[in-house]
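The structure's right below; bear with me while I get my questions together.
We call the chains A, B, C, D and E, going by the order they appear; numbering starts again at 1 in every chain.
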Amino acid sequence: MNWDAALPLLVLASSLLPGLVIFFLTEERVATRTTLNLAGAVLKLMLVGVMIWGVFHGAHYETRLPLLPGLDLLLRADSLSMLFVVLSSILWLVTTVYAVGYLEGSPNRSRFFGFFSLCVTATVGVALAGNLITFVLFYELLTLATYPLIVHRGTDEARRAGRTYLVYTIAGGTLLLVGTVWLYTLSGTLEFTARGFLSGLDATHHWSLVVIFVLLVAGLGVKAALIPLHGWLPQAMVAPAPVSALLHAVAVVKAGAFGIVRVVYDVYGMQFSASLGVTLPLAIVAAATIIYGSMRALFQDDLKRRLAFSTVSQVAYIVLGIAIAGPIAAVGGLVHLVHQGVMKITLFFCAGNLAETLGIHKVSEMNGVGRRMPWTMTAFTVGVFGMIGVPPLAGFISKWYLGLGALDVGQGWVIFILAGSSLLNAAYFLPILYAAWFKAPAGTWPAERSFGRRETAWALLAPPLVTAFLTLALGLLASAPFGLLQWARFITRLEYAP
Amino acid sequence: MTERGKKQLPFRLLLVALLFVLTAGLGYAVLTLPSQAPGLSNPVVANLEASGVSNPVTAVLLNFRAYDTLLELGVLLLALFGVWSLAAVPECRESPPGPVLDGLSRLLVPWLILVAGYLLWAGAHAPGGAFQAGSVLAAAGVLLLLTGWRLDTRFSGLPLRMSLVAGLGVFVVVAVVLILMGGRLLEYPPSFAGALILLIEAAATLSIGMTLAALFLGARPEAGP
Amino acid sequence: MSPAFLYALVGVGLFTLGLYALIVHAHLLRKILAINVMASGVFLVLVALAARTQGAAPDPVPHAMVITGIVVAVSATALALALMLRVRAETGRAELAEEPLE
Amino acid sequence: MTLLHWAFDAVLGFSLLWLAWQALASPDLFRAIVLFIAFGLLMALAWVRLDAPDVALAEAAIGAGLTGALLLTTLARLDKSSGRGFGRTLGHPSGGNNRDVIHPSKKETKALHKKDTGTEVHD
Amino acid sequence: MSDIHWPVIVILLPLAGGVACFLWPRRSVLLGLLTALGVVACVAGLGWQVVEQGAQRYAVGGWGAPLGIDLYADGLSLLMLTVTAVVGLGISVYSSGYFERARYGQDRARHFWPVWMFLWTALNALFLSADIFNLYVTLELLGLAAVVLVALAGGADAVSGAMRYLLVSLLGSLFYLLGVALLYHSFGSVDIAILAERVEPSPAVWAAMGLMIAGLLLKTALFPLHFWLPSAHASAPAPVSALLSALVVKASFYILLRLWLEIFPFANAALAQLLGLLGAAAVFWGGFQALRQTRLKMLIAYSTVAQLGYLFLAFPLASITGWTGALYMLLSHAAAKTAMFMAAGNTLYFGGHDRIADLDRAVQRMPLTMTAFALAGISIMGLPPSGGFIAKWLLLEAAIRSGQWWWGGVLILGGLLSAAWVFKVVGYAFTRSEAPHEARAVPATMEWTALLMAVLAILLGLFAPWLLALLEIGSPFNRENAG
């Protein structure tokens, strides 16, 4: 088990082992639990750093464990997986700090952090999966690890939300499983290869390949919250803020979108799926989701549900980027995978702060909150402008490339979708900013907790500021030598050989 | 015919029809069997003298298929465990035995024990053997129990259990000893196969007699460690 | 139609008779009797077919099997009777409650 | 000579079937057990006819003798636990009352309808 | 090391252990545990011998097949022996805690150990035997021992369940025995290998096949003949229910599989389709009934009925992948179901009842037990990374490759049904219920054994290739007809 084979496993174990240990810690052992959590997060970040450096220089990291006769549990660090691994490890560190602050004094924290680490392990597993069966394995593990977090509070409402979540995700998982097994019986292998491994199959299978594609995308679409499979996301907002922030805005939703990228790129291959004619319907579904998500967000009074519906529409950008069979749009989609994660997590952190410090859950209660919590609201504003796509911020980059890519391939109608959704974003975000900064506060806050001189605990304040700064940095330094754009172009060059 | 029966009449008729079809099928299957089939009688006769006994049935029971008999003793003992664990009904104190029962048992019990001994000995070369002798012994035991005789509480503990388990115990011990001496499971050396079989049969007769009598009694003796 | 086959057919008849009684009668003691009759039927088939060759000594292996079977049958009956008394003591009825087919 | 054998076999076979049917279908339990013991003895006779002396001995001793004894003592206990003395069963059964279903006394019916309130302590 | 007669020791040791437990009841727990460890070691020894030297044929008494009885240990029987050993060890450790402090008092525990050891002997003898009459005797020993253990619980429904189970078991054995009689008198031998050579279709063989399969289906509780299973499995003491669902019911399936593969290879597709159909009906009926139950142990018992249905799906698939999938399902179901019944036993011991609605934050008050239940649930549902997932994958692959995709559909719907009831129970375990009730601390051995069995069910998902390679020894599957 030399170093190249051990690294992916170590990255996985860096969150799995602390998680298992935390399960057995009693409630009072706060110090040990926090140190374990943070140590795990930092260790994972360092390992990922080493891995990125290696992959950039062409090193080949691969862990292969026999799972079934003829099928292996394969963890491989290729350029596409690094994108998602980096995103989830950075955000896990930030969210752990936030969660420690947010759950101060609440019960069952050992159980919470145990499952929290399991979730991240599953997400990293999804990212590093080298073949479809490993992907399915970690994909289902993600469902099992997130369910206890949704029903963490133990209220009946939480249990109902959990049940809806399960109905959707278990059904999705089953579709994915059936598709994978059927694909395996046809293709004989499930290993991800750069331009897909299905183009070689003879024409008689094409019809079943289309059906398999529908099965796979439907299974993944549940977690990617494509309509009509998005129902569980708004209801899952009943979970504590760190869960909504990392999992339902980043980890779980991205796993679905990342899965669709994998299937289209490394299972079917871009050209082959275009020739099968499955990419256009996918693009239409993605576009419909973008518009539908934004429309529903308009009418949500609860802040977290509005953010949830905005996530539904934002994730569909990634799918749209992939579905428009063009290299430039693909770059836009891949880049948005990271940007949307960073921006959305900022907004959820701020929503969590407002709920925790002032007891604000409704948008209507946010009048004049800017004066009371200036730092949180600045982070919120940066996030909102990023979402709308205001130039210097990250959001603008991805929308720009998506638009450019669409024109380059002659899919003009996508421009209208992008423009329309930006307008809708503005329509449901700007009133919040206006109310927060310019309206007078309505007297007392619902459940105010004073934190002395500072507006709220530092553990709750630092994370949103960090992620807001990241949004800004990603926007400004997009085309820097080691920047995200260059990385995305490197991936697409593999997929789109002339 | 209870009123419940009338309600189920159609169900019973259907059942009768089904069972009639089953009987016809099985009957036809039995009739199509080859009319002349020696089965395993030739190999048994061929190996008879190597088995240490001359009665073919005892040879099969205690040598060729001794493994079945070992398990079967296990089944008998298991039934006793079950009956004792259920301890359904405390021993019912029958009324004191009438003169007829008393006289009969006083005459018959010794005679039955003698017949059991004979059957055990005759098993080697004539119809008889462990099970038949054991059941005759059990008959003597049942007769004794009916007259209200009970085992002395001193013996109803470990000694009773030892004797109940004797048959199976001896069988297992003999098997282990034979393996240690290099043979296979229950592979008697031809020279003293007959003696070994007799030893096993004697222990088995004692245990079967005691077990069957205990099963008749149906309840665990109160005292006893 | 040598005697062997006649007794074999009687054995099959006993088997089915016992099966009918087992299904129809509710009282547990009757069910146990039915099981014993079925067992005797099977044993009759086993031994009867062993005596098919006229004149020659019958095949001893089925005889050994039947003796084993008889001892197994008696131990099963003893357990069943003890269990029936226990059911009687616990539920007050010597029959199993009508279990709706679930 | 074979005609006589054949006749004997036919009679024995038929009486076996008839006895079994009578034992299983008779309304009175005690009568059923006695018929069953007779059936056991007749079976022993059948084993002798089929040249199986060992089996005949085993059947007579265990099948008819012991199983019969077990059945009778269980029947006695069955009646005793429902309030009727041991002696009664040895005498001829009283009248033709249908002893098939033993009418549970009040105490037993209460036990029967002990609704399962879920508070039973042992599982 | 490998010239020791392992097959013999594997059978005689638990028998001797049972006798010892009966003779010295006060030390029965210690003796029982020692025997359990001994048997696990011996099975490991046998496993080593089989892996090294291939399938082992052992002529008892030195007489050879037609006259004497043979013991035969190949990959299939070795797999079953390993399952029995592992589950048996878990149950022995669990029972040492369960009967000791449970409300059974000392005398009930006395009766558990000897009967449990005899049952273990019967299982080991059954998996090693290559003689169909010997299989009858082991089946009988197994059935009686199981009935006695069920009746050990002593409640009204336990005793009635035991009675019904006894009658069904005896009926099944008699059907099987009549089949043995017909086969013996057709071909003059009761040894499986010899019968496999001599058998050719004739009315007697068809009748024998029908009788034996009917008898074994009755004992395996396949759908229409499953009526006795729920009341027997649910009302028995927890370790006994685990034992019955994980091992006893599987023994008769093993015999059916042996006969189907070796003696009845000409069994035509129609019968295989019928078995598959009954299996599918069992999956839906078991799952549907499990959803309706309000008591935890009854729910788990019905899930056994459903899971048995999966095993019978392998008959119409009739491909090597199908058989290995069904056997892997048997393996992971044994571990998972044991963990689930142990968890149910802990809940019952903890709260005095097992009503699902009032589990009342069991997650927080019994974390180990609920984790065990959840992990076992993952394996029952067939979600990765559990053994159930591997089995589901293999069966699904076999179904799609053989073009009979509807059996795949049954698998999927069955998985969804079991997901429904697993998460119903887990959901109640998280939430608060209004009926507070007194609680008793559950002994540590009981909780940890449940958790270890559940973790085993998960680990089966990660070590599949070695176990599947084990199954290939003596290749019991390639002698069958299709596939």
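Here is the rule we go by: a contact is a pair of C-beta atoms (placed from the backbone, for glycine too) under 8 Å apart; a residue touches a chain by one contact, two chains touch by 3 or more.
Note that the coordinates shown come from a computational prediction; the quantities given were computed from them, not determined experimentally.
With steps allowed only between chains in touch, the distance from subunit A over to subunit E comes to 1. Ranked by how close its mean Cα position lies to the mean of all protein Cα atoms, the top chain is E. Greatest centre-to-centre distance from subunit B is found for A, with centres as Cα means. Most remote from subunit D, judged by the distance between CA-atom centroids, is A.
A straight line joining the Cα centres of subunit C and subunit E is 27 Å long.
Rounded to whole angstrom units, the spacing between the C-alpha centres of subunit A and subunit C is 68.
Annotation: 35 Å between the Cα-based centres of subunit D and subunit E.
Multi-chain contact residues of subunit D (touching two or more other chains) are listed as 54-55, 58, 62, 66, 70, 74, 77, 81, 100-101, 111. For subunit E, the set of residues that touch two or more other chains comprises 133, 137, 140, 144, 147-148, 151, 155-156, 178, 182, 184-185. Residue positions 26, 30, 33-34, 37-40, 44, 57, 64-65, 68, 72, 75, 78-79, 82, 86, 88-89, 129, 131, 212, 215, 218 of subunit B are each in touch with at least two other chains. Contact residues of subunit B toward subunit E in the complex are 25-26, 28-30, 32-34, 37-40, 43-44, 47, 63-68, 71-72, 74-75, 77-79, 81-82, 84-86, 158, 161-162, 165, 168-169, 172, 175-176, 179, 183-188, 225.
Those residues of subunit E lying in contact with subunit A across their complex are 361, 363-364, 367, 378, 381, 383-385, 389-390, 392-394, 396-397, 400-401, 408, 412, 415-416, 419, 423, 426-427, 430-432, 462, 464-465, 468-469. Subunit E contributes residues 133, 137, 140, 144, 147-148, 151, 155-156, 159-160, 162-164, 166-167, 170-171, 174, 177-178, 181-182, 184-185, 227, 230-231, 289 to its touches with subunit C in the complex. Interface residues of subunit D facing subunit B in the complex, by the touch rule stated above, are 53-58, 61-62, 65-66, 69-70, 73-74, 76-77, 80-81, 86-87, 98, 100-101. Residues of subunit E that touch subunit B in their complex: 5, 8, 12, 15-16, 19, 22-23, 26, 58-63, 66-69, 108, 111, 114-115, 118, 121-122, 125, 133-134, 137-138, 140-141, 144-145, 147-148, 151-152, 178, 182, 184-186, 188-189, 202-204, 206-208, 211.
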